[in-house]
Structures are given as structure tokens and as C-alpha cells.
Amino acid sequence: MSNSFVEAFSFIEHHGDLLLDQVKVHLEISAESVAIAILLGGPLGVLLGHLHRFSFLAINISNVGRALPSLAVLAIGLPYVGVGKLDVIIALVVLAVPPILTNAYVAVDQVDPDTVDAAKGIGLRPLQVLTKVELPQALPLIFAGIRTSAVFVVATATLGGIFGGGGLGAVINNRESYGLDGIIAACYVLIVLTFAVQLLFVGLERAVTPAGMRATRSSTRSGFTRRRATVVLTEGGVTQEEQSDLVDQGSRT
Amino acid sequence: MKNTRPFIRTIAVGVAVAITATLTACGSSGGGSSNQSGPTGSATPLPGKGKPAITMGDKNFAEEYLLGNLYAQALRAQGFTVNLKGNIGASAVIDKALTSGRIDMYPEYTGVIYTELAKLGDRPQSAQQTLQGATQWENERGFAVLDPTPFQDADGVAVLKDFAQQHGLTTMEDLTKLGKFSFGGPPENETRYQGVVGMKQAYGLNQIQFKPLSIGLQYSALDKHQVDSIAIFTTDGQLASGKYTVLTDTKGIFGFQQVVPVVKKSVLQAEGPAFEQTLNKVSALLTTQAIVTMNKAVQIDQKNPAAVAKAFLQANGMA
Amino acid sequence: MYFLAPAADSGGPVIPNFGKTSSCVLDNKTFCWDWFRSNWGSTFEPALIQHIELTAIAVGIGFVIAFTLAITAHRARWMVTPVTLLGSLLYTIPSLAAFEILVSITGINWYTVEIALVSYTLLILFTNILAGLSSISPEVLDAAHGIGLTSRQTLIRVELPLALPTIIAGLRVAVVTIISLATVAAYIMPTGLGKPIFDAIASGGFNTKFIGAGVMCIALALVADGLFVVLQRILTPWAAARRGV
């Protein structure tokens, strides 16, 4: 059995095509889901943050979203849309929107009020304040939210393999054909994929962070970024949402 | 002192967590598998009394749930102690569980043993030949194959009846008329001769697009027109509805598939002759009509497989 | 003779009537409330109880391990990176694969399920407990030292209580995560709220099971989440004061 951990590498060698095909399907489903989630959650979160409205809802939706059990969401879709890609994408979108929405809200809501006042003071209209002042400062945290979602979606898309979504989950669900070697091989690939997506978004975050804010970021060698504790301050203390965000950077399922 | 309240709270949380964990650990039993012995207190001691407990497994679909329950409950009625582990997986997985000793027996299909497990390259021409080949192979590995059931349950390919009429499909060869078409089925079909491989080799259906679906979800996918054709079992309860056309397997790629209990030889020895007799008695009762009716009760009427098995055994004086 | 022979005249087995079925079930409508109610005790309630047990044990054991590691790492800082790395690695393994791989080693039983679930809690709990301990300002520690508390007393009387909000936040995330992952356990062993879901998959897709078990699982997770929010508010009134509530 312990042999399988080594055999898995030769599986990758011999079944490279199969794995590559499934990686493509996997990434396709993930990318589509994240894109839709960004469209649904991003502008809404930004708008609410700009208006400083519905804060309770916007902040807590990520808690609710995080609590949703993935398999349950996938199963509930079945009576309505049947098996296949659509069910998986709908479920992934439902799970991906909350972190994006909450982070977008908090990011824009928490922009330094003095800067916003100054902008208004020099005569910028609300839309310009949003695009020229608030958004640039909010981008790092927005991207952090997208990153959380993306990593989570890539991991959860694996479960979609049970429901006809394809991807690496379809390899894992097929122990009959591919054996333990195949399952472990798919695991290796998925772990690498997850870290790659993680790194990609860390890079994107860095790219959109204004130079002035960059100095305060630090990252551990493992590639996880520890967010500054003061970035998300609400009501004068560190909220639990922030504390759990410190951890909620990995994948799940 | 002002300091003690936080201190007490910390201890309270720690104790609460520890107590919860301990209580639930003590409260939980083996969970997930049933472990019972049969009735006691009859005048003649039941043949199973005092015999070592055995572990039986079943595969991951409705008919196997029924088979596992039928055999296990009949044995328990004779006093045997049977630990039934349900839903272990498809053939290769459950066979591994058998050979590694995690289970002592499970119900398998003769054709699957012959072609997919033993991988004997030729195609047997009769149910008898299939049984012989399967029995010989299992015997060599140290496992006994008991009497087969009258019913056979082979894989098959089905399409919606309207679709069949529209495209003039009655046999599997007719599928070539479709050119490219999609075929949904359990993932293992992709690499099985009694699946996609055979469809390509024997029928030349090279334009087949396989869509893996967990067993049981195919009918819903076909109903929603998400696939053109699906893999079915010929004894599925859904087939009685008349909505589907099963295409004739003229080249016989799906083989002959009677069910046989596969039991470790040493276990068979240890349990005594009544063990084998009981299993064979149950198998003899399983005609096509019986199994299809039971499948229908589970798959369509959503009855509990254990309850259906019990009712059947009771009606036939075996429980 | 131990059993009766089957009816001689029919030449085959007696096939009993297995009972009536409502049209809702036969048509596999989205949700059949009657079926749900009559099968609550046999199907859904046991699944719920198993699920709660699975979660409680996993989080309980995970907490004990993570707590020990965190307290040790708090003093021996070099431990933080390796433990975090290991925890991250375990966390990234997809649950489907983790259960399958473990079955080959430890078999189909609760140990397998719990080993997998406990591994998933480690990263969350370790990081949060450690973060809680690390976020205490040095002045407070100085003050404790100043009034003569030993290192151990400081830990128990000062650091842990102050770290409590963060620890509870970590427990909250861990519980909710494990409730989600425990559904996947039914892939290898028929237990928990995943069982009705996987059973339904194997038996043709009975919608009432999907919806019933799915909604129950979501409700369980949300209730657990809410309980922890309340727990935190009760246990840490001083944090509430800081929040300005």
C-alpha cells in the first residue's frame, strides 16, 4: 500500500494525457464558477461598501457561506438541474460568492475616511471617489477574497466528480479503473494545482497593492499570506471574521 | 479577585469540550455496519449458534444492497452472526476487500468475475461456461463459489423509447447510425470490456462519448436528455416503466451474469454445512421476477432494502 | 427442518406486497413531506445523530492535539512553520481522496473517518489558538510578570483567557468545516448525513433524500455556527465592551 505513494508517480507518467484532460476540465469548471461569482458578488459588495449600507448582511454572508456544507449544496441542486456540469457550477458559485462579496464590502467600506473626505473636498463626484480613491485602495483585499474563493472552488470541484462534473474528482471517484495509484496521483496533481492557484493570486494581490501598503505585508515560506491584523478593523476591535480569515486561506474538501 | 473570572471561563470551556468528546466517544458504537445474531430460545439450537462471526460486504447499488440483506438476514435467522458492511464499492474495490481479509464474502456476478476480475481473455458462450470459469479462478485463489441464482443481471445500454423510435434503434449495432453519441454510466465502464471497451471493440462504436455518472443517477440524466444513452442493469426497477428501450446485445459483450456468493474457503469450513445450505436456499428463491419486484420496491417505491429483504424472506419462511 | 419450503403450486418464490407508495414518491417529486416524516426515525434522525457524534469527536480530539501543539509552539517558535506546513498539507488533500486512501490502511470503520476528520481540524485550530496567544500585548505579559506570576500561571490565568475569543473563533470554523467534510465520510462508510445522499445516488436519485439530508446538514451547520457566536458573546463580555456593543 505504501508503494502506491511511489507508484502514483509512474501513474502520472503513463496516464499524463488523462490527467491533463481532467485538469483542463477541472480548471474550466473552477474558472467559470469563480468568474460568475466575481460578477455576482464583486460589484454588489463594492457598491454596498461605498454606500456603507447593509453592513450586517454583507459581513455575515461570508460566515453563512463558509458554513454551507459543499456536498449538501451539490445534492440539493440535483432535483432541479440534474447531474452534470451545471449542478456543479451552480453549487460552486453559491459557495464562492460569499467571501468575494464580504471582502469587497469590507475593502471599500474600510478605506481611510480621511482620504475619502479629502477626495470629496477637492470636488470629486461620488463615482470618481469610488473609482479613483476607494477602489485602488480596496483592490488588495478584494483580490484576497477572490483568492480565498478560487482556492476553495478548485478544491471543492473535486466533489463535483461524483455528480458528473468531471475533472480530477472523476479520477478519484473511479477507483475501479485507476486504482489507488490513480487516486493518489490525482491527489498530487490537485495539491500542486491548489498551491499554484494560491501563488497566482498572491502574485496578483501584490501586483494590485499600491506601493505604500506593500511594505506591511509578509508571507510565510509556505506561500500563505498573513493578512495584516489591522487591515480589517471593525468597531475598534479585531472581529472574529478577521480572525477566522487569518486561517481561511486553505482549501476545503 | 478580578483575575479568577477569566480563569474560570477558560477551564469551563476546556472541561465542556473534553466532556462532550468523551461522552460521544463512549456513546458511539461501531456505527455504519449492522451486527446482529438471530433469534434465541428455540427448542433445537440453531445451526449458527456458536459459530464464528463473519463479515459480509455488498457493492454500491440497489440490487446488491438487497442481496447483502437477503443473505445476511437469512443467515441470522439460522443463528449465525453476520456483520454486513454495505456500499463498499464496485467490483475491483470489493474484491480487494475480500482478498485483504476485510470481508469474508460478498455476492458477485459470474460474468464480472470471468471477464473483469479474472480477465480471462475469451468470451464464454453460456451461463454454465461462465460459472465454471469463474468458479475455477476463485477456487485457485482460495475462495468458494456457491450455487448461482436463477436470475441474471447483465449490464445493458438503454435509450428513451421515443429516441429509439425516432432513430430506429433496436440493437446495439444500430447505435452506429447515430455517429457521435453520448453514453452515461458508472465510471468503471470506461475501462471495462463489459462497458465502453467492448462497445468499441465488438460493435465498432468509436464515436462514443463517455460521461461518467455515479450508479443510480443515469436514469435521471437520460430523462433530462443530458445524455443520449445510458448504462443500465437488466433487472433495474426503472425498466418496468416502459419509458426506456434496452438495446439488444447481439454480440453478447455483457456476458452471462448470475449472482453467486463468493466465500473464503476457510470461513465456509468453519461455519458448517448449514451455512452453505442457507445461502443456496436463498439463491434458489431469486428468480428474475422476484428480484425485479424487489428492485422496483427499492428504486421506485423507495422502500428500505433491509425491510424489503425481510418481507421477502418471511413470505418464504426463511426469516 | 429449519425452514419451510416455498409454495409448491407456484413453482417459484412467494413475492409479497411490499406496501403502497404515494404518487409523490413514484413521480420522484422534489420533496415528499410525508415520506420524510414517516422515514424520519429510520433514515434521517440516525443520520443526524451520527453526524453530530462524528463532528464532536473529531473536533474534540483535534482540539486536544492542536492545543498541545500550540502551547508548545508558543514557547518554541521554531515549531510554528513545520506544524503549519504539515497542517496545510493535510488540509489540502481532497476529502474524497483522503477517505479512500485511509480505507486501504485502516479499513472501513470510525477510526478511518475520524483520522481523516481530525487531520482537517489541525491547521484551523493550531493557527487560531496560536494566533490568540500571540496577539496578547507584551505590556500585559510584563504586568503579569511584574506581579509575580510564574510562566505557567501567566499562561493559565492571563494568556489563555485573553486568547479565548480567538480560540472560540477557531473552534467555530473547525466545527463548521467538519460538519461539511463529515458528509463525504459516507462515501466509504454508511454514516452521517451523507448516507441518505449517497444511498439516494445509488438507488436512482430519490429527491426527497437529497433535499431532506441536504437541508438538515445546512441547518446543522448554521445552528452550530450561531451557537458559537452566542458562546463567544457569553464568555467574553470584555470583548463586547471593546466592540462598543
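In order of appearance the chains are A, B and C, and numbering begins at 1 in each one.
We adopt the following convention: a residue touches a chain if its C-beta (ideal position, glycine included) is under 8 Å from a C-beta of that chain, and two chains touch if they have at least 3 such contacts.
Owing to the predicted nature of the structure, the values given are computational and were not obtained by experimental measurement.
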Chain contact graph, described as a line, ring, star, complete graph or other shape: complete
Chain centroid nearest the full-protein CA centroid: C
Relative to chain A, chain with the most remote C-alpha centre: B
Selected pair, greater C-beta contact count between B-C and A-B: B-C
Whole-Å separation of chain centres (CA-atom averages), chain A against chain C: 22
Separation of chain A from chain B, taking each centre as the mean of its C-alpha atoms, in whole Å: 39
Centre distance in Å when chain B and chain C are each reduced to the mean of their C-alpha atoms: 29
Residues within chain B bordering two or more other chains: 214, 217, 220
Multi-chain contact sites of chain C, meaning residues that touch two or more partners: 168, 200-201, 205
Sites on chain A at which at least two other chains make contact: 78, 161-162, 173, 175
Parts of chain B lying in touch with chain C, wherever the complex brings them together: 3-4, 6-7, 9-10, 12-13, 17-18, 20-22, 24-25, 27-28, 30-33, 46-47, 60-62, 65, 77-78, 85-88, 97, 102, 214-217, 219-220, 237-238, 274, 281, 285-287, 289-290, 293-294, 297-304, 307-308, 311-312, 314-318
Contact footprint of chain B on chain A as seen in their complex: 78, 82-84, 161-164, 166, 170, 173-177, 179
In the complex with chain A, residue positions of chain C that touch it: 30-31, 81, 84-85, 88-89, 91-97, 100-101, 104-105, 120, 123-124, 127-128, 131-132, 135, 165-166, 168-170, 172-173, 176-177, 179-181, 183-184, 187, 193-194, 197, 200-201, 205, 207, 210-211, 213-215, 217-218, 221-222, 224-225, 229, 232, 239, 242-245
Residue ranges of chain C touching chain B (in the complex, touch as defined): 2-6, 12-16, 18-19, 21, 25-26, 35, 39, 42-43, 50, 52-53, 56-57, 59-61, 63-64, 107-110, 156-158, 160-162, 164, 167-168, 171, 189-191, 198-206, 208, 235-236
Residues of chain A touching chain C in the complex: 1, 4, 63-64, 66-73, 75-76, 78-80, 155, 158-159, 161-162, 168-169, 172-173, 175, 180, 183-184, 186-187, 190-191, 194-195, 220-222, 224, 229, 235-240, 243-244, 246-248, 250-253
